[in-house]
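Lettered A, B, C, D and E in written order, each chain numbered from 1.
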Amino acid sequence: MTSRPRLDVIGLNTGKKGRLHRILYKHGLGNGTALFLPYDQGLEHGPRDFFANPAASDPGYIVKLAVEGGFNGIALQIGLAEKFYWDYAGEVPLVLKLNGKTDIPSDAEPLSPLHASVDDAVRLGADAVGYTMYIGSPVQEQDFAQFRVVREDAHRLGMPLIVWAYPRGEAIDAKGGKDSFYAVDYAARTASELGADVVKVNFPNPDKREGVPSKYDREFTPQQAVEAVVRSANRTLVLISGGEKAGDQAMLEKAREAMEAGAVGLIFGRNVWQREHNESLRFVARLKEILAKYPSD
Amino acid sequence: MTSRPRLDVIGLNTGKKGRLHRILYKHGLGNGTALFLPYDQGLEHGPRDFFANPAASDPGYIVKLAVEGGFNGIALQIGLAEKFYWDYAGEVPLVLKLNGKTDIPSDAEPLSPLHASVDDAVRLGADAVGYTMYIGSPVQEQDFAQFRVVREDAHRLGMPLIVWAYPRGEAIDAKGGKDSFYAVDYAARTASELGADVVKVNFPNPDKREGVPSKYDREFTPQQAVEAVVRSANRTLVLISGGEKAGDQAMLEKAREAMEAGAVGLIFGRNVWQREHNESLRFVARLKEILAKYPSD
Amino acid sequence: MTSRPRLDVIGLNTGKKGRLHRILYKHGLGNGTALFLPYDQGLEHGPRDFFANPAASDPGYIVKLAVEGGFNGIALQIGLAEKFYWDYAGEVPLVLKLNGKTDIPSDAEPLSPLHASVDDAVRLGADAVGYTMYIGSPVQEQDFAQFRVVREDAHRLGMPLIVWAYPRGEAIDAKGGKDSFYAVDYAARTASELGADVVKVNFPNPDKREGVPSKYDREFTPQQAVEAVVRSANRTLVLISGGEKAGDQAMLEKAREAMEAGAVGLIFGRNVWQREHNESLRFVARLKEILAKYPSD
Amino acid sequence: MTSRPRLDVIGLNTGKKGRLHRILYKHGLGNGTALFLPYDQGLEHGPRDFFANPAASDPGYIVKLAVEGGFNGIALQIGLAEKFYWDYAGEVPLVLKLNGKTDIPSDAEPLSPLHASVDDAVRLGADAVGYTMYIGSPVQEQDFAQFRVVREDAHRLGMPLIVWAYPRGEAIDAKGGKDSFYAVDYAARTASELGADVVKVNFPNPDKREGVPSKYDREFTPQQAVEAVVRSANRTLVLISGGEKAGDQAMLEKAREAMEAGAVGLIFGRNVWQREHNESLRFVARLKEILAKYPSD
Amino acid sequence: MTSRPRLDVIGLNTGKKGRLHRILYKHGLGNGTALFLPYDQGLEHGPRDFFANPAASDPGYIVKLAVEGGFNGIALQIGLAEKFYWDYAGEVPLVLKLNGKTDIPSDAEPLSPLHASVDDAVRLGADAVGYTMYIGSPVQEQDFAQFRVVREDAHRLGMPLIVWAYPRGEAIDAKGGKDSFYAVDYAARTASELGADVVKVNFPNPDKREGVPSKYDREFTPQQAVEAVVRSANRTLVLISGGEKAGDQAMLEKAREAMEAGAVGLIFGRNVWQREHNESLRFVARLKEILAKYPSD
């Protein structure tokens, strides 16, 4: 049984609580867990992510998949949300991704610029907004400054705020890398300290220890690491992301460990749609089997 | 027969749909295709572009040519639009170009600053605005930030937004260059993700493979490449640009391939006006012969 | 008996005076001294600070500790204040920390970006706001510029303004380091000149003399140094911070010297909560014994 | 007879047309030509420019000279306009210079910051505003961004906008230098594209060919060059500046060639006031003899 | 007899004229001259400036000294003005210093950020505001940009604007240094061109000639230099500052030369308060003997 925090004790105002309730209890399994389908890779990595399954290049295909798969939400950038969400509006919650960038220039000092506002999200009927924060970037000042405005707007408009908490940049590379337990743990905490309602992190890798602070330079099991990350996020709900497509069995095991640790759910993109349509739905079904074992109280 | 998306399914609000309809069905061939005449080279490259045909230095000559040639629109910077569009206002749609720069300093970290606003476009009776985005520039943060304001204003005022999606900068140079299939494909997608209604790209060159990501490092025909680019743009309409003046036969072949792939039209400047007046009109006539074969449904 | 300035002669407007009075006379010992519990280390250093006492990772534990220990206030970032202060609102004053950063990237040119506003503090019922200023940072222009807005808002809303005055950056490192008497003395003065109501400084170390200006390059006792710092702050009230956890006896001696010099109180975080719960309360009791000896007139 | 564009066909709104008419037809020769006296050198170069004629250090002396010499306008920075224009207000039109800088730091990446607004110009009764644009500067983004606001304000308030179009910066130095035909031609065009009503350029030097683009790397006479520059400016009126003090005969010859090419007039500062008072007036008389030969239609 | 400009011919609006009149005729000697006491060194240099006379560390001591010495005004930063001016408000005019910085980081590209506004000055009953401008700084763009806002606000609120015109930065260091006749002359002119009502400069040193422009690379007496500086400032009133503490006789001689040249007065800080109290008053008396010899008409 999970120890994840209940919606009524995590400091949400009325609009935020109502919208999160809709996501967690009126969609997906409806048991307080969440499975999200992110689709911002066309901007973040370019169309090369669609070569494995060319149909996935079509946003219409993906939104339909989110409906068919019974997801709790789909994350889109403003351009695609404007052009494709209308077709299925109301059938699956929209998470409007507010910022993003290409991966063409150097990632030494990353910053993800805003393309859309919380007001856009309200206009489009979204139930949450997404913001990518690059924890540890040398230009964190600019990142935090633009995040502050998003946080204030989300509060004002009662819009749940999901932070993609990504450790990145040359300093992170020198201190264990972006997937280290140290980096993911710090990222989850930072999102919580700055006001995220939900935080999306990668599964922490406690074996990445080169250059990490001494406290993290000892043996931890993956289960210990993910539990610590969920604790660091405290009353911010945790989503574990799938990252690059990998072996299904390993993915499902991580999903189970994450839920066991108290995560509220999963956010899997490439692992879902970088395969043929029916294969996608079958993989989604297996993820939902796991979520079904961890209902909220 | 093309598979290009219809105006009523691409997420346009009333003002945008009305103005795009006017451009596509009330001007040019009136069959849903478009032929645009861009005239921002005086700023982008300087007067040297007019040495081949000195008459082209006169904006009045060019606006008249757009009317005579039956173009679907002419793209001008604010200064020329203020001084020359009045003479033929209403006879050919105006695309007010909102940003631009000189090519004098280094292009390693390009950014095209705004000179005009969507409000200026409304005041001048324009039917669309144009914005140059340098995909992959190390200063993409600034680019996306100023684009965001343009997108919001264009939405608010119902003004179609055409993005000149140009891969540029030192990172692009290191990854196949600005005309590679990889770069053009990513550029089209980026414009679509960020909210362009129409995107202008160069014809992709699948032979530029040095440094491109592995997915793009294999054989593609030009036809395959341009089809992929149109797919990546999804519900954003695609214009193929002519670029530097080149052989007519090669140009016409590319135009045909682009339309076959589902592009909505062509945007040719130097290839049109860097020749004597009657020659210009004859070349335009040949381009329109191609467009006539690809009417919208 | 201390010579610290009285609340009625230090240029406070009504709201500031009322809130400071509440902090100093209605909480803690109620004798005009103050003991604050800072809890922004989760952002500033990451979760590693909680490894010594994992319970301290839970903000709920810390807020409860502030109440149990009879602190005059607890300092939280916006995210934690939103989620955890509600439980004990009114039982212990809230100091909303307005800015902060991670310690992942280089600290050569530090700047602490704003995450929250004085308006947020008012909304949450805070009795003071906290601002970290990096005295001597090469980007002091940006620091002072964002501080200016905070000072103006705090004045407008009658909110006491506590400055975490931290000498930092490559120039400080070259001139004796962040704890030198020179650096701490300059920091206290800067906060006072720029309009802090209260300033938090580290205990000055007069032995750090390498690279300091000649006036500071001679023998001073710690007592002389801390007295000079309090004088430099003039009508700005001084809080001495504990910094990293160290030996209790040394800490208590510094606390005594600080109060003897005219400080208004202490702000101890890691020295308090990086130990088991009852140990924390015992240490707090000893700090309060010292404060009890230095009541305001 | 000149071919310069008439006031009624160059896209001016009512306020701009009225004020330019006043300058061109109610002052100076009143024949549609213009002779301006610029006096911003005290800021741009410092007081050393006044050593040749110490009386010229006194702004009162210069404004009086503009009246005595029958100039069409005098260009002043805000400080001097506030303190000295009052004495002769109405007797000679004021061109309020809105930006400027010292020449002390490096000119590799020049930018001329704003000191005054179009609103200041209106308040002071000015008939035009002046803006220095550094064409080709590596920081052209900032330049164009601040120009945009000036252009909008000038349009809104009906104030003619004169651009000091100066090629400058390390890229210009590497491509033929600031006086090359290439650079001056590009500068005139840029001002026109961005919305200048009048552009001030230096007389182009077609012999500066080292590093210029190939189109400019052949023989041109000065007359051909200046005619091309006026053509590039199209409906933006052209003023030729005198630059550093040089031989009178050479200056007068350039003035004649400029007018022959279709320039609207001349803007001569140091060549006028870096000599004794009566000498100044005699030189002005010779300039006006030239202007008299090129009346507007 | 001095030739300094009269208050009624230097372009002041009503509020500025009234406040300057109060400073020059209702305080100090009341004869149109001025003696100011600057006290921003605690921020600019840190507390080390107070080691020579520890009492001077107390702002209360200094404000009282300004009253006892019959100064025409005292210059304070916002923090000290808020906390200490109340005690003697009305007894000596307040010059609110609006910007300032520490001297800890490198001074190669100096900029003095704003801490306070002209509105703050009005609220505190100040009779003038002070702004430090670093003439010749490589970041002059930012300096001029923030100055512009101050100038506009001062005009709007009728507040006299005193510019601390300091040549600084790596380019100045390479061209004769900050005290050279060249640098001080250019600084005075710049302040005048940009709209200062009063300018504070250091006494120019004509012997600093290494690297200065050729016009300044010859023999000038100090008297000639200071006269040129006052001429360059034209209708901007000139204050000569004392700078670092030096021999009294040399200081008094410079003061006499400055007044002879047409300066409106003196601004001496460290030379006044870096000595024992009665010595301070005696030195002030000698300065006032000089001022008494140069009344305004």
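Assume contacts are C-beta pairs under 8 Å (C-beta built on N, C-alpha and C of every residue); 3 or more make two chains touch, one makes a residue touch a chain.
Note that this is a predicted model, so its numbers are computed, not measured.
Asks: Report, in whole Å, the distance between the mean C-alpha point of chain C and the mean C-alpha point of chain E.
Replies: Each chain's C-alpha centroid was found; their separation is 35 Å.
Asks: Round to the nearest whole Å and give the separation of the Cα centres of chain B and chain E.
Replies: The computed centroid separation for chain B versus chain E comes out at 57 Å.
Asks: Mind pulling the chain A residues that touch 2 or more other chains?
Replies: Where chain A meets two or more other chains at a single residue, that happens at 142.
Asks: Could you draw the chains as nodes, link the ones that touch, and say if you get a line, ring, star, complete or other?
Replies: Shape = ring; chains linked end to end, path closes on itself.
Asks: Round the ring starting with chain D, chain E following: which chains, in what order?
Replies: D, E, C, A, B
Asks: Under the definition above, what is the set of chain B residues touching chain A in their complex?
Replies: 10-11, 135-138, 140-142, 144-145, 147-148, 151-152, 167, 169-172, 175, 182, 185-186, 189-196, 213, 215-216, 228, 231-232, 234-236
Asks: What residues of chain D sit close enough to touch chain E in their complex?
Replies: That would be residues 40, 42-43, 46-48, 51, 54, 57-60, 77-80, 82-84, 86, 100-102, 104-106, 111, 113-117, 120, 142 of chain D.
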